[in-house]
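Each of the two complexes below includes chain A, the first together with chain B, the second together with chain C.
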Partner chain A sequence: MKIFVCVKHVPDSAATIVVRDKNQIDDKITFLLNPYDEYAVTEAVKLKKNLIQNGASSSLGQAQQSNQIEIIAVSLGTSDAEKTVRSAMEMGADRGILIKTDDRHQDSITTAKALKAAIEQDCSNQVACEDQSKEQEPAIIFTGRESIDMGGMQTMFRLGAYFNFPVVNNVVKFAPDVNFSVNRKVIVETLTEGGGRDVYEITLPCIIGAGRGLNTPIYPTFPDVVKARKREIKILTLSDLLKGSESDNKGAKTEIIDLELFAEKRTPKSIKGNASQIAKEIVKILKEEAKVI
Partner chain B sequence: MKKTAVIIETKDGVIKEANYGMITCAAKDNNSELYAFIINEEVEPFKAHLKKHGIDKIVDISIPIDSDNHENQRSYEKSFNPILWSDALTQALTTYEISSLFALTTPIGKELLPRIAAQLEAPLVMDCLDVVKNSDNSCNDNNVCNSNNSSYLNSDFHLAKTSLYSGKTIATVKVTGDIRLFGIRPNAIEPSIKLSISKPKIENQDNQDQDQQGSFNIESSIIIEKFIAKNRYAQKSKIKLIESKKGDSSGNDLVAADVIISGGRAMKNSENFKILQDCADAIENLGVSSTAVGASRVAVDLGWVPYRMQVGQTGEKVNPKVYIACGVSGSIQHFAGMKMSKIIIAINENINAAIMSNCNYFVEADLFEIVPAITKELKR
Partner chain C sequence: MNKKYDAIIIGAGVIGCPIAYELCKMGYKTLNVDKNPDAGEGSTAGSCAIVRAHYSTADGVALAYEGFKYWLDWENYLDNVQDEKGLAKYMNTGSLLLKSEGHDWKKVKKNYDEVGVKYEEWDNEKIKQMVPPVDLHKFWPVTRPEDPKFYDEPTEFLEGGIFCPEGGYMNDPALSAHNIMRAAEAKGGEFMFNAEVVDIRSENNRVVGITLKDGTQIDAPIVVNVGGPHSYKINKMAKGVWEGCNIKTKALRHEVMYCPSPDDYDYLNEGYHISDGDIACYARPEVGNTFLIGSEDPKCDPQEWVDPDEFYAGKGGPGRDNQLTEAQWKAQCYRWAKRIPTLPVPNQPKGVVDLYDCSDDWIPVYDKSDLDGFYMAVGTSGNQYKNAPVVGKMMAGLINACEKEGLDHDKTPFQFKYQYTGRVMNVGFFSRKREINKNSSFSVNG
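What follows is the complex of A and B.
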């Protein structure tokens, strides 16, 4: 059984962004694993552990089962995104795939196509799947609910459409069904308006977009980091993966043509006095300047 | 003629105020017919408001629960179901040959737009602050339109403005394709006409008055089309919505509020958030603005308030007219969610807090003295 986790290499939210060449950012800043993807990796690791523990009744021993459940971190990005794939492996992914691109930014249509191609290629690899020949497709693909840099909120849905798998996003609770080994169903809850929850029953294979609060992300220990260094990251290139499929979407695309720093031109004014004077002044601002009362 | 559609969000049978800014944005394209897609609602009461904002046609969409074709005894899905709704909208989009679709970047919009975009393999930009069609002259102040991009002017495209990199930059995104989708950030665009205040009850009265005054004209000029979608998910689907646990719908939507009062670490506990709510209620009771209480991440992480109240990088991105930050330090991640606020008022005992040097007004004082004083002053 293969569990994939799609991860993205994004600028640290605290980094200072500098615009370069009209629509690029200066990339000499800290990049890291997208925070929402940490929940995705953690949930994949939790699922693997859970399945191994509860699979004891099966004829296979735990060790053998462990080999049969594999977590693969996949990322699309420039060569430095290898660091983010490595971070996912430190958290518990068994191996990684990096789809290397020249441009840092790819739109979500291209990204989803490339992720699909890479995942399919990995699953058609007979050596990796020889134990269970029917498992030619991924069981679950985890992603974060959105990336903090682009905030496109859509790649997981496109990936689902390309695979024809059901998709749920902003998942805050995930559990295999009690009869999972028979029905291959999972029960998930998504966060909705006003803190509500929608509960879905989904048959695998499926795509799960992890939301905040799904779990507490794993913090890798030093031995985890050392172990992850030895694991394989396979490098693919975007152009090889998408050969022949570039032009079949009728020019549908999004392209960043201009990027400007969002200027904050606020000059703070102090409001002084006793509580009642300050309150009067604030109410005056609400009334006269903001016109909200 | 090209056709543009907007997905209308309602709450308790009333059109949410945030829709009007989105309609204003979609209506800027004069060369396009404007459709309003409304699912599972009584559309008659909406006609006047929608017409005034420039809607030409209403498509009244309903979704049968079963996929059989017993037209007569059919029952319909009432509550929101992302899977069924997005599929119904995709069908309507194709049937009416819509080339641009607008919706709000709300929890509902975040479910519907990406699902539709994925089904149609259409481009989508979420959380837009503005969208213009290339043929539109309204982008004069936008250097993208008249600078070195003359080659773009000959082709057909949209330009969407959205904030990227944790709110630190504003990007102009060129969007091409047969069908284009846009998620509009609530409150980002000022409606062309301010029809009424946000109180649903008063809006209803307002609505009735207008209907009485001009009902003949309005009814003759807005067309309502009924659209019954096919339910393609009813049987043995791989995904089933088995339960909807409703959230707390008593308060106002944070993302759509005109005024937000937020509390941070200095709130000390859950109970103290009541003083912020009291102040918000006092503003709300003056009847002009919708007001909501927000929080910083630390207040959520400490369990004082639910996650849905969090403003910031990993919470809600808000655009209020006034943001009052009470005991909020103002981390970069908090700013990522509220920096588009028109006026920021910071109340903090610590003059060195980051927010005090990046706001419009700051008060160096104890919030537990100032906030109740504001509430008292508002009630006077």
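What follows is the complex of A and C.
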């Protein structure tokens, strides 16, 4: 069973973004794993553990099951995106695929086509050279809800359309059905506009867009880092991957003409009074304005 | 008509404020000027505010041990002044120095004996008992994660550590400076903020005052440079002062990381300040049960000397401005994660970037200058926060001895008697004219 996690190499949200040449950002800043993708990787790892634990009573031993459930992190990005694939592996992905491109900006159409091609290639390669009994399509594909740089929230839907898989985005709760080994269903809960929640029952294969709160990301320890160093990252190139196929990206690419910094105006205000009054005011703001409690 | 004071102190950080406080107590009418909006908002705010006694010289140990007593008696030191922001709090966690090749711990132990610092020797079993998640393998020499050797399997173990029950940290360094400012104000001291000094005026080799960026001139026969990372720029403004220093200062960029403690370890309430020369890191607890991880400046790490004005304006560029770098985040966190193998290291760097006012030998300059009336408390090199109240008293004593008693400090160095330990400090140790002190660790350890 193959669990894919699509990850993106994005600027650190704490970085100072500087626009260069009108339509690019100065990339001499820290880039890292898209924060929403951290939830995706973590959920993939949790799913794998869950399936191994709950499948322990079946004819396969845990070790064998562990080998048969594989998490593969896939990313489209420039060569430094390898660090982000490695981060996903440090968090628990078994191996990684980097689809290399020289152009940092790739739109959701190209990205989804490239991810699909890489995932399909990985599934067919494995089947060809290893075990015919293995599945030829991904069981599940996790992505983040969106990338924090483009914020387009499109790639997972395009990927779903290309694969013809159902897609659920902004997922905040995820669990395999109790009869998963028989019906291959998962139960997911999404956060909707206005704070509502929808619950879906989906049959695999499917695409899950992880939202904030789905889990607490599992950050790697040093032994995890060491372990991940020994694992493989396969490097593909975007041009090779899409060459000659119907997924060739001619005409599909959007272009960034102009980039402007969105500087939200900050309006700090001071809260006055004694400690009790200040505390009350803070609680009121958190409830009524920030709506976080 | 220019306003006049007995002494102007440039800087209102954790050392500028106590100098003012002590001078005020002696009857001086003082003014602190600072380009920041409030006391302690410069590099003081970025300090880890660690209070520990281990230094590479006996004088360094003695000064730190004396300083510890001030933090312990904080309210009395402040003469019970009220601060609307509240009082900073001393957290006495105890301080563990791991015995390693990265520290000359035998020298530290000798210095402890000489000064009378209380300590216990802990073997590895005891350390493991007191710090359960620790891995006491020897990882020396210090390398960077980019180096494949960083991942070599360790085979040997460290040989225990030296634990000082008297040590810890102040929970809010900026607030501690603010507290001292309020104490100084209660004694008549004045403070001026958002005020940038652009000139030190002098006549006949005697300082006469300062000029601010807006053209305001303020006069005083005594001016003290406590400009932190800007100290070298201030020294250059005063005629002959920079040239008269054998020990120079410059601004060094430094990153400190926040990394969450493993879930099953309450580092905030049960942890110690730890100095670990084997991996060139130090750590102390921070709110949110996190490790605050600093670097002991190993030779393999790059040193970024920066212009402080560009740095604080965020104009220095990658690796030179005030944002964490991923490479250093990994270097420090992974080093610490070797020592604490269950430490989770987030992908996003979190921490503090600030500047050391670094001297040539990482030992401060507390001295007069070649310009009469111009003094300096500079070159604190990231290791003087803990000494700040004592330094305030020592500098005030030095200034008073030179100005009121006619002492020629360069010929007959001022002798300062510590209030708590009774030890006499030869302040000439901190002279600007000294040769580079070869006993120094040439790191934040001082």
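Here, the second predicted complex is superposed on the first by the 243 of 293 C-alpha atoms of A that agree within 3 Å, B and C clash if a C-alpha of one lies under 4 Å from a C-alpha of the other, contacts with A are read in each partner's own complex, and residues count from 1 in each chain.
The working rule: a residue touches a chain if its C-beta (ideal position, glycine included) is under 8 Å from a C-beta of that chain, and two chains touch if they have at least 3 such contacts.
These numbers were taken from a predicted model, which means no experiment stands behind them.
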{"item": "A:A175 touches, of chain B and chain C: first, second, both or neither?", "value": "neither"}
{"item": "Which of chain B and chain C A:I235 touches, first, second, both or neither", "value": "neither"}
{"item": "Which of chain B and chain C A:A14 touches, first, second, both or neither", "value": "both"}
{"item": "Chain A residues touched - chain C or chain B, whichever exceeds", "value": "B"}
{"item": "Contacts of A:T192 with chain B and chain C, given as first, second, both or neither", "value": "first"}
{"item": "First, second, both or neither for A:E255, with chain B first and chain C second", "value": "first"}
{"item": "Chain B versus chain C as contact partner of A:L33, first or second or both or neither", "value": "second"}
{"item": "Which superposed partner A:F222 touches (first chain B, second chain C, both, neither)", "value": "second"}
{"item": "Overlap of the chain B and chain C footprints on chain A, listed as residue numbers", "value": "13-14, 35"}
{"item": "Contact set on chain A toward chain C in their complex", "value": "12-16, 28-33, 35, 38, 83, 87, 217-223, 225-226, 229"}
{"item": "Residues on chain C engaged by chain A in the complex (per definition of touch)", "value": "151, 260, 314, 317-318, 321, 323-326, 329, 334, 337-338, 341-350"}
{"item": "Chain A contact footprint on chain B (complex, rising order)", "value": "80, 82-83, 106-108, 110-111, 113-115, 117-119, 121-127, 143-144, 149, 152, 159-160, 162-179, 183, 237-249, 251, 253, 258-259, 283, 286, 288-289, 306-308, 313-314, 321-322, 324, 332-333, 336, 339, 342-346, 356-365, 369-370, 373-374, 376-378"}
{"item": "Touching residues on chain A, where the partner in the complex is chain B", "value": "11, 13-14, 17, 19, 23, 25, 35-36, 107-109, 112, 148-154, 156-158, 160-161, 165-170, 187, 191-203, 206, 212-213, 249-262, 264, 266-271, 275-276, 278-280, 282-283, 285-286, 289-293"}
